[in-house]
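Scrolling down, you'll hit the structures one after another.
Heads up, the next two complexes both have chain A, just with different partners, chain B and then chain C.
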Partner chain A sequence: MTTAWHLDQDLVRRYAAGATDGVLAASVEAHVVACGECRRRLAPAVDRGRLGTVWAGIADTVDTPRAGGFERLLHLVGIRPDTARLLAATPSLRASWLGAVAAVLAFAAFAAGSGPHGQLLFLTVAPLAPVAGVALAFGRAGDPTYEMAVATPYSAFRLLMVRTVAVLATTIAIAVTAAVVMAGPGWFAVAWLLPALALTATTLALAERVEPVYAAAGLSIGWLTVALTAWRATAVPALFGPAAQLAFLAVAMLACVEVVRRRDRLAYLIVGGAS
Partner chain B sequence: MTERSDAQLIAAVVDGDRRAFEELYHRHAPWLVLRFSRRCANPAMVDEVLQDTFVAVWRSARKWDGRGEVAAWLWGIGIRRLLDAFRHRGAVMEAVSEPSGTAISAEEHVLLGVEYGDLGDALRRLSPELRAVVQATVLDGLTTKEAGRLLGIPAGTVKTRMMRARALLREEFVR
Partner chain C sequence: MTPQAAVYADGVSKSFGRTPAVAGFSLTAEDGVTGLLGPNGAGKTTLLRCLATVHAPDGGTLRLLGRDPGIAEQRREIRRRLGYLPQEPGFQRGFTAFEFLDYIAILKEMVDRRSRHDEVRRVIAEVGLETVSGKTIRKLSGGMRRRLALAQALLGSPELLILDEPTVGLDPEQRLRFRELIGRSGEGRAIILSTHQTEDVAALCSQVVVISEGRTRYAGSPAEMVARAAGRVWLDTRRDPSAAVAWRTGDGRYRNVGDAPAGADLVEPSIEDAYLLLVGDRALSLADAS
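Our next item is the complex of A and B:
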């Protein structure tokens, strides 16, 4: 705007002090929005130190990485910011991973609709998802915060538990959803839970000797072999019968006891990635 | 080097130019502080709103459509941040604060003549409630709903007051 008129010193002083009446102030404000010269004239009325402090705050905020959607969701449900950041950095909680799990289980669930063989396929595949998820949550290969996790003064066991529980909860939720959606006998939706727990806990318990990724891979192959053998031998899968379930429960409990008993060393090895 | 215009600074900010962003800040923060301060008596809150405003500018500079004054666009962001701050604190902005008993100087008449013509006098004759509504909607550029939230009155009341103010102003000019 090209008005020849500008704020004079006195008006600048009175406006800055809040000593102009509403209509005059509105008039000043309407002019200032359109006039760079008057904006410059107003500048000395504000303390430079104050503007500097606010600028430092702006620079800080702009430089801080923004929390992603998942992290904000965790904040909302009341999870502490540091824990939320840890979870958000867990690779097997990422959208791509969870999407893959959902896809695999959806195919398995679809196959289950085709009859007893399909149902067996689902029961065989479902326990593998949590194991792989937990294994991939740790170690040099999959964890982008690996270096930080090693150097951070944070209880390694707590990190181990937080990540494991989070991964188990999400993958199991997906698998249970898949199981409930498809048709099958009542025990069907939960029969794979104990094998999944046994496999996961054993993976962690073995960490002293084998890296979690390899342990998980080995156990998965073992599980598949056993499942396929049992599958061929019996029409009704003994592998998911009461006796087998009890055995899985026993294995899971033994492994959990082992993990808790040697928690410090195991946590150090798993979170820090045994080298 | 010649000074860059506000529009050029915004374009540079879109490209992530921190120097341009800082220049924009130093150019516009002072008048924004003063204008916020007239609407909010708490300096800490004003600083917070100023910070939020510029963080929002950094993140959404690409949303500037390139038309009109950059300053007006900044104010549009700022007043809404101020509104958010008030809402979070459950506070209601004081209707335009006015020092009582200020005599209208001849100079002020001149200024109002430049900016609004007879409108200044007409505005001055409105009741404070009506003037607050005019200020919030016409001068600060808020929607009816936002103005209602700002002044602590229902949106419907903002509408009726705005209608009354308009009628009164029209009367002033017809006379």
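Our next item is the complex of A and C:
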């Protein structure tokens, strides 16, 4: 094939440096495929280091398996690919878990429409969703790679925090949605939030000594016992009143301080409650 | 014998509640392969967890790569140069083999995406899983998962490799490949592995440590361990009452291990004989006898 047009020295230099726009670069590439003379002129102008980088980039793109659906969703909302992969490894952020949480809370919200007892059922159940989610995000029972992860230089405290924030954000979003559709006084829709935070933070504070799932199970049983006692005592239990809410806030804050203060303990395997 | 060795343990102990799992363990390991032999419940896993920095010892002195794992910053330095294969490695089974290794590589602080992916591909090739790297882990066979678990330990070419029973679940061909791999990668790094397979020790290790009930029963070369059993293994048509351990072999005769009576038909000891002498039924101690 013959052509009147050839690459001049300036275009060779600009193309070799990657300084041409997409359209011009495509024209150059289409031409050099057919023109041996321009290929010879272009070849010595291309920096070998740059060529290697470009080639490695192509190889990586072709060779790297596509991220799963959940990770791509996280990329879409602006989460960095590295962090997205750490979150994708969290069992309580999987679709099956979040679906189960949504189903339980939808049932509780539906029950809330039946009257005060239904509303109390929702308020009692809603705080347990984030607690269970956080407990399954870290530790031997919830994270199958936990022991390998502890032996890496990545801070276990940071990993716990990243996952806790993600689990809280998703489960609380589900619970708030359920609460919004629930019939009842406005404050009822958020009255479960501070108990949820208090229970979650206490689970984390205990996680430095006890497997998180055991801590969460114990705390959940305790919470259900208290709630049941309060139900029996009064029609509108003081458990969700202003004084109790302040107490939950205090517990949550104290537990958070404890988590931060003892964060170095997370650098080792948690052995309490498990072999 | 210096705290600058890859592993320097002096009187290391670890208890859970009142139960001592490791009691006064000492070891110095330089580059090369050190094999840890011992019966189930001997404390091998707890000990390896201490060496992998995931357990903090209760007592004694432990230095890894010349650093103190009890100090947070030094522990992090150790972990940057450490590969660890736990006894029961778990996986996110929905991940592909590549995604799982990439996840561990992120935890190993490999920040640059492209070079991290290159490293993931390198270890996948190292353990021979190239053809299944895009498959989800739930579709991999047990042997492939063991190799995948080993691959994560090799990420970043660590200077210290702690492998807890790496050959469990591997068929003979895979065990051979594993030995080749460890033999290749043993130079310029220290590898501590535990095993039930005495042949693994004979084939791989320059140093062997036998532990039982949390204590060291033997530490030295495999050849010396075998030599110490010389004159204490004999064949007989019956189970000799003076033997510590005896079993019926394929030709119908009994292989007796222990203090041989005069005139016994002595045979060359194997490393397994030597091991059984150390921790066998009556736990005859060569250390005490010699």
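Operating definition for what follows: the second predicted complex is superposed on the first by the 197 of 275 C-alpha atoms of A that agree within 3 Å, B and C clash if a C-alpha of one lies under 4 Å from a C-alpha of the other, contacts with A are read in each partner's own complex, and residues count from 1 in each chain.
Going forward, a residue touches a chain if its C-beta (ideal position, glycine included) is under 8 Å from a C-beta of that chain, and two chains touch if they have at least 3 such contacts.
The structure displayed is predicted, hence computed values, not measured ones.
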Given the touch rule stated above, what does A:Tyr268 touch, chain B (first), chain C (second), both, or neither? second
Applying the document's definition of touch, where does A:Gly57 land relative to chain B and chain C: first, second, both, or neither? both
One more residue to check, A:Glu37. First (chain B), second (chain C), both or neither? neither
Figure out whether A:Pro81 sits in contact with chain B (first) or chain C (second), or with both, or with neither. second
Tell me the contact category for A:Ala25 with respect to chain B and chain C: first, second, both or neither. first
Touching chain B and also chain C: which chain A residues? 57
Quick check on the complex: what are the chain B residues that touch chain A? 6, 21-22, 25-31, 33-35, 37-38, 43, 47, 50-51, 54-55, 58-59, 69, 71-72, 75, 96-99, 102, 104, 107-108, 111-112, 114-116, 120, 123-124, 128, 131, 135, 139
Of chain C, residues touching chain A in the complex: 16, 49, 52-56, 72, 75-76, 79-80, 82, 84, 86, 88-96, 98-100, 102-104, 106-109, 111, 113-114, 117-118, 121, 133-134, 152
Interface with chain C, chain A side, in the complex: residues 56-57, 60, 63-65, 67-68, 81-82, 85-86, 88-89, 91, 94, 143-154, 159, 264, 267-269, 271
Chain B-facing residues of chain A, complex: 3, 5, 11, 15-16, 18-34, 36, 39-40, 42-46, 50-51, 53-55, 57-58, 61-62
